[in-house]
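What follows are several structures.
The same chain A turns up in both complexes below, where it pairs with chain B and then with chain C.
So, the complex of A and B:
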């Protein structure tokens, strides 16, 4: 795991389902507050009901804005093994990038996150994130934003 | 072809910006003059000018929420899709836009 301000980066993460991923991300941002964790997980599920957060083959971008989050985070999870069935329609997920935006976040942080999400429009960049095997190179590729 | 667009999603931090970037990149690659306004959590960015709208052959609205200023496009040919379509299939969406414009031209 690598902690650096906005980013929380995890590689070779042993998570096996969408539920595991949402719980993991809620643990990161809410730590010991069980009630808040539950709310955050529900918000992810609600967002997903509004439309898929699959942005490219093998890549999910779940995102929420919440007053239950103290600090905004981009949580990047490179899975140790693909999640073969994220849901009925979404299969073989290898990389999850969760955006957890604090309600009323300041514009500078929002701009940083927006710059990051714009970068995800580039297939070459996403392919690099999916295939880089060196841990340090993976961190560097993410932190250029 | 001249294309203008608006991207807006529910949270306004993810699909909005990816849709904009994908549409603009795919449009420029296909040789179109394209500009996409974002209505996200930061507010409106890359706001379309009256001239851009007036000159546009078509408007693409990639949105999961009601967009602000839709009346600016009154009388224009509009394609509206969820942001997911612009994110997953920008090229197909632009091909559809070209098809719509060409159909309109052939009816003149």
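So, the complex of A and C:
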């Protein structure tokens, strides 16, 4: 496990709703600080309200910037089963890639994250990500960025 | 058959130009056909292309082209089916044989025996060919189980040229090598030699498609002369035209010399009128080189060119720097006026692409052309010519870039999440936007100070408070719908000035 790296990859996740996913991500970044977790989940919900983060069929890209996050992360969640109803309009989600950005993060990291999101503009690449189900393969595919 | 083929080509072209999926409604509007026809066209294209569908359809999204298959399809699209002729191909071949031998009659048995068809089919073919020939003022005559085509030589040549599609598609560099064309190799080499001699004698080059046009004329001349004695030609040229030609001390000697060479090559004499025929092609061709670089034009050429520039300037709503285009366009208009005079039609093989690519400009040119042919009392200017002229104005638009880029900011909550993704997508599809920066929505108070000249904000999050810069909310998916709304917004910005 590459715990110090930017990416956190979880495959075969048994999460069944949007709330599950947000809580799961807040667990990853805040570990045991309950109050902070709540703030993070809240931020995700706020962001979702401002505009959908669906970036392609079956793929969500929720992202927040927060002073409650100690280290920036890209959390990749490969769902075991699709979340059929993410919200009213968003259906059948299979892959979630959350960007959790620490406030005042240094430019180096920001650039890395920006590179990653830009790569998602390529449909082929995104389609490939959608077909991967092994953690290592995922890591290989993401490492390029 | 050709209109269906054209529609298929238009459909493929439109899809190849479109990003992502196109709805059937859009296709209906674009091609100006019914929904049913669109379905049928797509089915036919996919059926014909057997390996896997060329056009992919997806419920709720529409149609899109499988590019890899499409490129492959274009490469293999030269039909090389052997011994299998569709009815229209059969008629074309028979008509060509009759045209080449005109006015000599040929027995129906000889004409049709290769195709194994019955009397009713033959009768039907006759009707269709007869209709087709009427367009060229030619008559199909039936007598004693024989058919013959009767009419003026000029019309017969024109019909040969138009029925034989090969003359529209050949590439002059391809002539020597391409075996599929079934040209007489010796004739090809001889004519290419003559073309070189014309170019050398005049110290010019004759660009595509004018070189092909002269080539076709000479090739048909050779084929015709072998079949029929030239003395049978009944055409008369007005004496005034003849004296005018003889006064042309540049092109007339060349035409005479080439016809002389052809007589030697054929080892038989040709009618005097052949010099005049060739001369017509020469004055109707665009030439590049010292002779061609004329700066003095006749009053008519100047007026017509000026009328085009003015008309298009008004239509497009832009200033056209007349110096930049005048001499080029006038050099095109000059032979064009000759073509109109002599009724020489040059096939514009790019026409369908031009229509799709520069729809608006083409429309404008057609409009202006109508006005010009009325004002200057010219024959109708056809679409092939309009297509050529369109390219001159399309070039003006592209080179002058009268649409300066719009300074755009892209925004999301973090400034590196969906906004970076959006930036990558937008910059690929909307080159007219200059993306100044990607920003986080929290920082929007400082936007005005830092980016005072920004003209548009594209945001994946709803902007709550009033920002004076025009903004557009788009989804991170940047769907077709988003793209259309952005297109409208861009137009709004351009026109709002």
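Note that the second predicted complex is superposed on the first by the 138 of 145 C-alpha atoms of A that agree within 3 Å, B and C clash if a C-alpha of one lies under 4 Å from a C-alpha of the other, contacts with A are read in each partner's own complex, and residues count from 1 in each chain.
By definition in this document, a contact is a pair of C-beta atoms (placed from the backbone, for glycine too) under 8 Å apart; a residue touches a chain by one contact, two chains touch by 3 or more.
In this text, all values refer to a predicted model and were calculated from it rather than measured experimentally.
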Give one word, clash or fit, describing how chain B and chain C relate on chain A after superposing.
clash
For A:117, decide between first (touching chain B), second (touching chain C), both and neither.
both
What is the contact status of A:107 with respect to chain B (first) and chain C (second): first, second, both, or neither?
first
Pick one for A:143: touches chain B only (first), chain C only (second), both, or neither.
neither
Could you look at A:65 and tell me whether it touches chain B, chain C, both or neither (first, second, both, neither)?
both
With both complexes superposed on chain A, which partner does A:55 reach: first (chain B), second (chain C), both or neither?
both
Which stretch of chain C would you flag for clashing with chain B, going by 327-335, 363-371 or 489-497?
489-497
Which residues form the common part of the chain A surface touched by chain B and by chain C?
47, 50-56, 61, 63-65, 99, 101, 110, 113-114, 117-118, 120-121
Would you tell me which residues of chain A are touching chain C in their complex?
47, 50-56, 61, 63-65, 99, 101, 110, 113-114, 117-121
Using the touch definition from the top, list the residues of chain A that touch chain B in their complex.
47, 50-56, 61, 63-65, 99, 101, 105, 107, 110-111, 113-114, 117-118, 120-122
Applying the document's contact rule, which stretches of chain C touch chain A when the two form their complex?
412-418, 420-421, 423-425, 428, 438, 440-442, 459-462, 473, 475-477
Enumerate the contact residues on chain B facing chain A in the complex.
10-15, 17-18, 20-22, 25, 40-42, 64, 82-84, 87-88
